[in-house]
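Chain IDs A, B, C, D and E follow the sequence of writing; residue 1 opens each chain.
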């Protein structure tokens, strides 16, 4: 196995998995909240907020990365805030890669969840409230489970995007082997090398295998849920 | 356009200037596609409608040459550049580049050295070579932050995220938020050169003329204004 | 427990403008399709807000637009059996049933899962998902779900429409028991005169978003025009006279005579309400022959209805209470029926139980 | 037109195993909640596939698992009024109504939008979206939508359950007209004995996925146990004797006597079916006296039912046809009723129309 | 206006609009068909197909671009096929940029549409069939209109992604001003230039404005449809 991939590549794979998982899981609650807000909120500036959520999709990834650098770098206002308040540093850390991947996947996640929330029959939520459930419980016991298809789709999209994300990541946290070099960064570096194609394709194949596994898992979960195992 | 040029992204400012001069003189329109040299080389291999390839390093020009995709007679090693160590504008660091100079100490435990990708981006490759020759590579390697192009590396330094960076002299010159700490000795790295050649499959009748002009003194100021050195040698 | 409603709400072209006060017990909302019954119930449940007005349940102000009070549905403790089921598709029947129960503090719970499940005959369905239920099964689970949330008040929107007669006959007594034993106030929407007559204390007749009539069930149903000639009738108060378990009947006393009904579990001396439909009453002039009809009430004709139909409504006075009979015009002529005439009202016993 | 079904299908724990053949006209599916009526109708409509079996409609094989025949629903030209509406939420009421019509070639269309809209009283709703309709309004639109697709056969699953009595009284005659004038075969699921008795030619009694009884409506309904004592009754064939528009009645002739019913629009000499519920029959021994009851049939007691209930069913022979009466056990004793005794069966005229 | 942006930049904006619109519109029918297949089909290899659809998300964009170059380049097998059969050339043409953008946005489009299709109450389709509609008509008159929220979301996501797509495009069709230089490519080139940041941000702002306009339009359409104007 060690002959098949270099230790650095193994590290990149592990890092990519970590980064993608953390990016997806951490952005999930935020994504759900944002999806609720956009699906249900009726407030001034809703469309603007919606536009803001879509930004990482519209802007070239390097621009997103650059803006992240400005905001979340050690000298950036948000970066300084997080460092002082939570001791959380993004610059040149895997945490930054996760942040970049999370941001890039965010619009995909929000849209999918929002679609599901919007297709929920609100009369079911009303029924729950007549049974004594307050807003939070209605959300937890009815809205959320019924939005599960969208949540799953959102997780898959965001995770896949994170696995492939490269432009924003490398621009924000650069490409430090073992620290911020995710699979796509490694692949990119290989492609830039005159005889790196084979190695690049090998790594790509591994990304694909991982995402396929994630996909199969999500389909399996979706089917189990449709069969009704969810409380 | 009359001539399509595939040029390394780092040439943008200089080449845009030269193209304007050329157009003013001849009325000929240039279309210049800026991307990374690797991209461009592979596209030419795939039959891209390029007339001229202006690479940022020798490797990718050699890649095409090996496949007989460029006109060897037209190949010229056109420009040279310097490799410099930069720091944020307000940095107080003083370092003299020399054998075993204390770069690692200057970086500290957490400070990053921003460079282009050491495997793929030319500036990264040269930087690694220079640091190796100077005997400091091993000590700084864990702290190297590789960017996918020189501009990103420069941005890390300019925004103060990295205390030091290695970039081309041309880039350092154009960025007001960094200052040059030192210039790497030419002997410490392979010479930094930008070869240009006519693409073998080019059908543009104006390509040869443009390439000749590019090799003429009329083109020279546009490049020197951006900090490139004008090389005379063929090759 | 009393419900006091005075609200106004515009729904598209339709305007709901309701003012009503109900006494304790069951209030029936009766009215044609599209008259506004569900809209009204939704307002009480807290699922929609009135444009203007107040709803007060037993002294508790649920809505008051002037004082900007709006108690959210989740805090009203009002159970609601919806016209269209609304089971949670992602929960099993069991979880659907227990949903409201989970949310109810132990101390406030009443009824038990087993009891409700037995009564509704849904024991075999507990592990199923709602999509695998038949129409009537869904409705039964919905009833159970509302009951098991131990509400302080129950709204039922056509809860039995999808059920067969036997099932209704099982569930209705249970609702009666809730009414009587639990003293649970119920707002009951139904098209079925029988159900309404049997359950309700107060009937509100809704027409085009307005209350066309409201009052004790006897009064409202005695108004012929109110609910269509076919269903018109009267409700009499009678007292339990004797139990005859042998014959399976209960004998009731009424000032105008005695009545026999299928056994009712009530102590002697208890006052009961019975409903007699106008079309179930036969009039006899003079001594009737040997008939199988058991119930004979002395009556006097108060007035004879007009109308072009083949039969007419005859208002009777039976021991001081109003009662209605419908007979053909043929019969009026033949028997020479006129106001003031003393007649015997024959009522088939089996028509009395109100089902 | 005939429908021949012999299918088997497993649904979870529930197994449907139905074999039935129906004659022309209306076939009613009658049975308790969860007995399999909807599942059967879905098979006929082509919305589900049997595990095994055949369905033949008027010689046209719709399903035959052995020959791998399965005509898709879209090609069956079977209209279906669903138990739960299923209006298209993205279409207005008008577009919902016209949906099937658009798909029907001009030549095969029957009925008109205006007629159907008038009948169903949904003229004011045409521009609305389904979500803004009341429960009964939705159901009416669903009926209209099925009718306007000009089907060759109609499946109706509890079409009138959500409607008030007046509305039912308007729609039922229309369905009768479809049955008679259009000779449209209809499969009609209902819990209402009255509706079934009035409309159907054949009744299939479904119990736990099996056909428990099938036959002409009179035969099946005469079986007391079949549908519960309360609703039991008999269906008699009578002939129109005279029209009396003055009195608003039609006089019918029956071997056992003459009957008076509210005016029926039928020519003299036409044979009609009328339903008499056991509980609407009073028995008289000897001369009944001067009663408002118009309809008196000579009858002979065939048998007297057993049972612990307070009343008993009495089988009668009226002019060779079976009829049922329910009387209290008191009355049996008092009147000394025994098999073979000649009695007069008194039937209130107004109880005859079957609504 | 000409002072505000260079003619080349105007060209890039126009090209980006053209490329994004064509990419979205052309991939829409394919996306709908694929969403139907994945939502409804029960065939062997469904998950694999699903994985294939997700590939452009998982692979670094440059890899996608490179694979497109290999397949759809003039010398590539598919490129040759399209050129001979339809006279359609992708390599180094705006059509190729549209292809790249379409491919990159495809997984987003398919997922959104699929989510909507999966949330449709199939009993409504059954109702349509009892009214005489065959499969195609059921699809056109019931499935498709009820899936509109997902279709709109898919269009918005795909369009936004196309507006921001850069890695695959520049790798596949290069960055030739007036021919294949889309906004993100132009932004990339500007970012390479020492004093290009301002111009880059200006172009980014324009991308954002365009995508916001698209978003507002889509919300407007969605609201109109919800109100029920659709046949």
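The working rule: contacts are C-beta pairs under 8 Å (C-beta built on N, C-alpha and C of every residue); 3 or more make two chains touch, one makes a residue touch a chain.
Not measured: the values here are computed from a predicted model.
Think of each touching pair as a link: the shortest run of links from chain B to chain E has 1 of them. Seen from the Cα centre of chain E, the chain whose own Cα centre is farthest off is C.
Of all chains, D has its CA centroid at the greatest distance from the CA centroid of chain A. The largest tally of C-beta contacts between two chains is found for C-D. Distance between chain centres (mean CA atoms), chain C to chain D: 26 Å. Centres computed as Cα averages put chain A at a distance of 56 Å from chain C. Taking each chain's centre as the mean of its C-alpha atoms, chain A lies 60 Å from chain D. Look at where the CA atoms of chain B average out and do the same for chain D: the two points lie 90 Å apart. For chain E, the set of residues touching two or more other chains reads 62, 66, 188, 191.
Multi-chain contact residues, meaning those touching two or more other chains, occur in chain C at positions 84. The set of chain B residues touching two or more other chains is empty. Interchain contacts (touch definition given at top) occur between A-B, A-C, A-E, B-E, C-D, D-E. Those residues of chain D that touch chain C in the shared complex are 11-13, 31-34, 37-39, 83-84, 124, 128, 132-137, 140, 157-158, 161-167, 169, 191, 193, 227-228, 230-231, 247-249, 260, 262-263, 279-280, 282-294, 308-311, 325-332, 334-335, 337, 346, 348-351, 355.
Across the complex, chain B is touched by residues 62, 66, 69-70, 73-76, 91-92, 170-171, 174-181, 185, 188-189, 191-196 of chain E.
Contacts from chain D toward chain E in the complex involve residues 45-47, 72-80, 82, 84, 86, 88-92, 95, 99-100, 103-104, 129, 145-146, 149. Of all residues in chain A, only 47-48, 50-51, 54-55, 57-63, 66, 107-108, 111-112, 114-116, 118-119, 149-150, 153, 156-157, 160-161, 163-167, 184, 187-188, 191, 200-201, 204, 207-208, 210-212, 215-216, 219 touch chain E in the complex they form. Only residues 36, 38, 59-60, 62-63, 112, 114, 117, 119-121, 144-148, 152-153, 155-156, 159-162 of chain B touch chain A when the two sit together in their complex.
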